[in-house]
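One chain, chain A, appears in both complexes that follow, with chain B as partner in the first and chain C in the second.
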Partner chain A sequence: MKKVNLKTPSFNLKTLSKNPYLQFILFGLVLSTLPILASQFSFIKSAYITTIGVTLIYAIAALGLNLLLGWSGLISLGTAGFMGLASYISAYLTVDMGLPFEVAILAAILVPTFIGVLVGLVSLKIEGLYLAIATLAVSEILRKTFEEFEAFTGAFSGKAASFPVLFNSIQLDRATMYYFIVFVLIIIMLITYNLVNGQMGRALNAMRGSEAAAQAMGVNLLKYRLVAFALATIFASVSGVLYVHFIRYSYPSSWTLKLSLDFLAMIVIGGVRSIYGTVLGAFIVFAVPDLFLKQIPYFSQLSYTLNGILIILVIMFYPNGIVMIFRDIKNVFLKLFKKGNGNHVS
Partner chain B sequence: MSTFIQILLRSLESGSVYALAALGIIIIYRTSNITNFSQGVVGMFNTYVVTYLFMKTGAPLWLCILGGVVSAILVGLTIDFLVIRHTKKVAPVAKQIITLGLIMVVMGIAPILFGVDPLNLPRLINDGNLTLLEANISYNGLFNIVFGLVLMFVLFYVLQNTKVGLAVRTTASNEYTARLMGVPTKTVTLGAWAVAGVLGVLSGVMIAPTTSVTLNLMDVVQINALIACVLGGFQTFYGPIIGAYLIGVSRNLLIYYVSSVWGGQILYILILIFLIFRPYGLIGKKTVKKV
Partner chain C sequence: MLADNEVLKIENLSIAFGGLKAVDNLSFEIKKNEIFGLIGPNGAGKTTVFNCITQFYKPNDGRILFRTKEGSETNLVDHKVHEIIKLGLVRTFQNVELIRELSILDNVMIGAHIDFKATILEQALRLPRARKEEKALRAEAEEILKRLGIWERKDMLVFGQPYGILKKVEMARTLMCRPSLIILDEPAAGLNDVETLQLAQLIRTIRDEFDCAVLLVEHDMRLVMDVCDRICAISFGKFLAKDTAKEIQKNKAVQEAYLGSSEEIHHV
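On to the complex of A and B.
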C-alpha cells in the first residue's frame, strides 16, 4: 500500500475516497438514486423498486449469514426460518395488537435471537454438516409452525401488515420505505465492517482456521459462537421485519429451505467474507433474473436454470466470488498501464 | 391394537421411501464427500419422466419406471461427468452449494420439458388390500415395503461381499489412498451418482401416487432423508437407513397419539435434543481431530 502511495501523487480527495465509511455512505446514496432514476427513465420501471428493495432486504440477511459462514466457518440453513419468525411477530404486534413499529421491531428481533443463541449453544456440540442439518430442522419446525399456528400467522392465507409508522408520526409509503431499507442496509454494512475488522473479526478468523489453536490463543469459543449466531439471527430478523412491512404480506411458503439455500448462493457467488460481495450476490441471485433475464423472451423460463449454472461455474472456476472480478480487471489494467509506461521511458 | 399395526405398516411404507432417498444421499456423501441437497430434486425430475412416458406412450407402468431408471442413470452420469468430477479442489462447503446450483438447474428445466400442471401417477399395483391382524394395507404399500427392503439388502450385499463393493468402501474410507491402490475412484464416483439417481427415482415413484407430481414432490422426502442421515450418522451406510425408518415410524406414532398438528415438530425437536447428547448420530463415531 505504502509503495503505491509513494509513486502516485496523492491528493486529498483520493485518500478521502479510500475511507471505507465514506464509501459505504456513497454506496447508499447511489442506491437511493434508483427510485429517482426510475421516475426519469422509462427503462427502469417503478415496479423494479419493489424487486430492488427486496434484494437489499435479502442482502441484510445474507450479511448475517456471511458472518456465520464466511468469517466463523459455521454453516446455517435456518436463515429463512428466523426471517419468517421475525416477519410474523412484527406483523402480529403492529396489526393485531396495535403496538408501535419500534416496539414490534424490538420484539421481532429479541425472540428469534433467543432461539438463535440456543442454536449457538447447540453448535458447540454439533459440527459441520450435522450443524447445517440441525439448523435446517429448526427452520422446518418454524415453517410448520407458521402453517399450523393459525391465530398467530394466518396459516396458508398469510399474514398482512402495513407500511410502518416511524416514531408514531412519520407514515412511510413504498418510496420512503425503500429509502428506509437503504438506510438500514448501510447501517448493517457499517456494523459488519467494524465487527470483522475489530477484535471479533480476528477471533472469528482464528476460530475458522483452527478451533484448538484459537482456544490456545485465548479465544473464548462459547462467547464468539454465541455472538456470531446472535448477530446472524439479528440481521435475519431485521430483514424479516423490513420484508413484511415492505411487501406487506408474509406466507409460510416464502420461508422454505429454498430461501435459505438462496442466501448461501448469494454469499458464494458474490464473495465469501466480502461485504460488497454479499450485496452483489443478492443482486445476481435475486434481482438479475427478475429484472433482466425475464425481458429476453427465450430466457424468461431459463432464468432459474442460468442462475444455477452461474453458481456452479463460479464455484468451479472463480471460488473467491464475483466481487473479485473488479479487482482482477483493475490489476489487468494496471499491468497494461505499467507496461505502457515502461516502454515510454525506455 | 389394530390401529397401532395399521400405523406401523403405513410408517414402514413412508420409512422405506425416506430410506431409499437417505441411502442415495449417503452413497454420494461417502464417495464424493458432498452432501447432496439435489437428491430429491433429481428424483422429482425422473419421476416426471416416468409420468410423462406413462401419459404419452400408454406403455405399462413398470416399463415406464424402467425408462425412468434409465433416465436417472443418465442424469446421474451427466452430473458427475460434467460437474462433480471437476470439483476435487473445491472447499467442502462450496461443494454442497454446487448441489444447490443443481437444484436450480433442474427446477428450471423441468417445467419447460413437462409443463407446469400437476400430473398424476397411478400406483403400480392398482387394487387389493391385505388384512393383517385386523389392519389393512394395500398390496401396493406392501410391495413398496418389501421392494425397499429387498433393494437395500441387495445393495448391502454388493457393498459387503463383492469386489465392486470393496472398491466403493475403500473409496469411501480414503479416496487418495484408494487411488494409490489402483481403485478406479472416478468410476466408483460415477457409479455412485448413477445408483443415487436410481434410488431417487424409485423413492419418487413410491411417493407420487399419494400426492400429485409437481416440482415440490420430493421436498418432504429430501428434508426427512437429510435428517435421517444426521440421526443415523454419516459414518456408516446403514445408519441413515435405520434413521429413516425411525423417523417414518415415530413421526406417524406422534401424529396419531400425541398431536396431529404438532407431531412433526415434536419429532424434530426430539431429534435435535438427541443430537446434543449424541452429536454424531446413532451409529456415528467421533472423528478424532488432530491439531
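On to the complex of A and C.
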C-alpha cells in the first residue's frame, strides 16, 4: 500500500524532469500568474509587474550574452548598445513612420545584427580583454549616437513609443504586454535549449574548449563566431524592442556600460551555460535591488555593491552560478530519498 | 599519383620557420589499413610534419596526396583546416583536447559535427530532420563507445575521468567521422605501462574493426615497435630510413640519430 502511494508522485516528477519543454512551459505559466497574484493579493504590488517585466526582458538579452560568453567563450560588453539601437529603431518605425509592429521588430533585429556580425568578424583577430574593449567601444559609439542624433532618437529627452499592436488588430496594454514578454522569453529559452543541446551547441563548446580541436573536428571557426555574435545580437535586439514597447521610453542613459556589466553579472551570478540560471541571475541583479533593497533605508543605492559582493561569493563557492545551489539541494533530497528507499538508484 | 593501395602520399614536403628548415624534402606513403609510425629524436620535425598534413601549417613546398572517402585523389594543401576531416582524415591531440564540461557521449558527438545536414534554424526549432540526425548519430556514437568498452560511462562528464579513458574518448571522437586515416599525436604520452599495452591493442582494434589506416607520431619506442607495420625515421627534418620495425632498429643512420655517432662520442 505504501509503495503505491510513493509511486504516483515520483512517476509524475520523472516525466516532468525528463521533458524540458514541459518544464519551460510550466515556468512560463508560473511567471504569467504573477500579475494575477498581484491583483489578488497585496504582497506583490502591481507596480512590481513593471520591474519583473523588465527583468524578464533583460533575461532575454542575458541569454544571448550567455551564448556568447558561456558557450562560445567570447566576451562582449556591447549588449546594452545593441539593445538600445533596436529600441530606437522600433520606436522610430512605429511612431514616426507608422509601420506595423511586426515590420518594426524585423528591422530592429536586422540592423543591430548586421553590426553584431561585423563585430564577430573582428573577433577572429582579437580575443579576451581586447575583444571586450572593442565591443565596449562599439557600444559607446552607439550610445553617443543616441545622444547626438536628435531627429532619430530625441537625444536626452528620449524617444517615446507605445504599447504594440499585434497583427494590426490586437492592442496590448501593460498587463497583456507582460504576458507577451513571458511568451517571448519562453520561446527564446526553448530555442536556446534546442541550440545548445544540438550540433551548434557542441560546436560552440568545442570552440571554447580548444580552437585547434574544434577545427580538427571540422568546426568552421569563422562561421560559428559569426553565428554566436549574430544570435547574441538578435536576442539583445528582441530584448530592446520589448523594452521600448513596455517602458514606452528609451533614453541614452539607459544604454550605458553599467547595463552591459549588469548582463555580465547576471550570467556570472546566475549561472554560466545555464538557461534557468540566466533568468535567475536577471532577478538577482535587477529585480532584487529594485523590489527589496529600495525598501530598506540606506540600502537603496547599494545594488552595485551587492552585485560585486555576490560575484565574489559566487565565484568562490559556486563558480558555475547560483543555479547550482538548486542542484545541490536536489542531491541532498535524492540522498535522503535513497536512504529511505534502500535500493533506489538514480 | 597515388597507387591503388595507398591512402596518403607525401611528396618532397618542405617547410621552414625563418631560416630553420623544420622539414626538408620529406617523402613517404601510407598504405590502406596500415599502421605507420613516424619517429625521430626530439626536434626532428615530427609534429611539424603532422601539422602540415592536417593543414595547421601550410608547407612551403611539396604535395600531400590523399585518397578521400569517396575514393578520389586530392592534394591536402588545397584545403582549409576544418575541411580536412570531411575528406576522411582525422587527428588526435598530444594533450587530449576534450571539452571537460560535456559528457563523454557529447564529446564523441562533436566528432560527428560534419555529418549534420540540418541548418541552425532547423536545430533551433528541432524540426524532424534535426531530430532524426541527432538520434541516428547518437546511436552511432553509443555503438562506438560500446566497441571501445566505455559505454557505461557515456553520461559522465569528461572532467575527472582517468587519462586512459580520455584517450579512448578522443579515439571514439575521431571514429565518428568514419575516417580512412587517423593520425595519432604521441598517444602514449602520459600513459603507464599497462595503459600503453592497452593502447597498442586499441590501435590494432581500430585498424581491424573500423577499417582505416593509422599514422602514429610517437616517442615511446616500445609502442611504435610493437604495433607499427612500417616506420619512417626522420632527424632534423630530413628522411633517414623507412622500413619494418625490425629493420629500422638495425639501421645505422637511425641508431646514430638517436644515440649519436661513435665519432661524436669520442669527441666528448
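Here is the rule we go by: the second predicted complex is superposed on the first by the 312 of 346 C-alpha atoms of A that agree within 3 Å, B and C clash if a C-alpha of one lies under 4 Å from a C-alpha of the other, contacts with A are read in each partner's own complex, and residues count from 1 in each chain.
Convention: contacts are C-beta pairs under 8 Å (C-beta built on N, C-alpha and C of every residue); 3 or more make two chains touch, one makes a residue touch a chain.
As the structure is a computational prediction, the values presented were derived from the model and not from experiment.
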Partner chain(s) touched by A:A134 [first = chain B, second = chain C, both, neither]: first
Which of chain B and chain C A:S210 touches, first, second, both or neither: both
Partner chain(s) touched by A:L221 [first = chain B, second = chain C, both, neither]: second
First, second, both or neither for A:F326, with chain B first and chain C second: neither
If touched residues of chain A are counted for chain B and for chain C, the larger one: B
Contacts of A:F337 with chain B and chain C, given as first, second, both or neither: neither
On chain A, the residue positions that both chain B and chain C contact, one per complex: 210, 212-213
Contact set on chain A toward chain B in their complex: 69, 75, 122, 125-130, 132-134, 136-138, 140-141, 144-145, 148, 210, 212-213, 256-258, 261, 264-265, 268, 301-312, 315-316, 319
Residues on chain C engaged by chain A in the complex (per definition of touch): 54, 56, 81-86, 90-91, 93, 97-102, 106, 109-114, 116, 118, 120, 123-126, 130, 133-134, 173, 177
Interfacial residue positions of chain B with respect to chain A in the complex: 35, 37, 83, 86-87, 90-98, 100-109, 111-112, 219, 223, 226-227, 229-230, 234, 261-262, 264-265, 268-269, 271-272, 275-276, 279-281, 289, 291
In the complex, chain A residues that touch chain C: 191, 194-195, 198-200, 202-203, 205-206, 208-210, 212-221, 227, 273
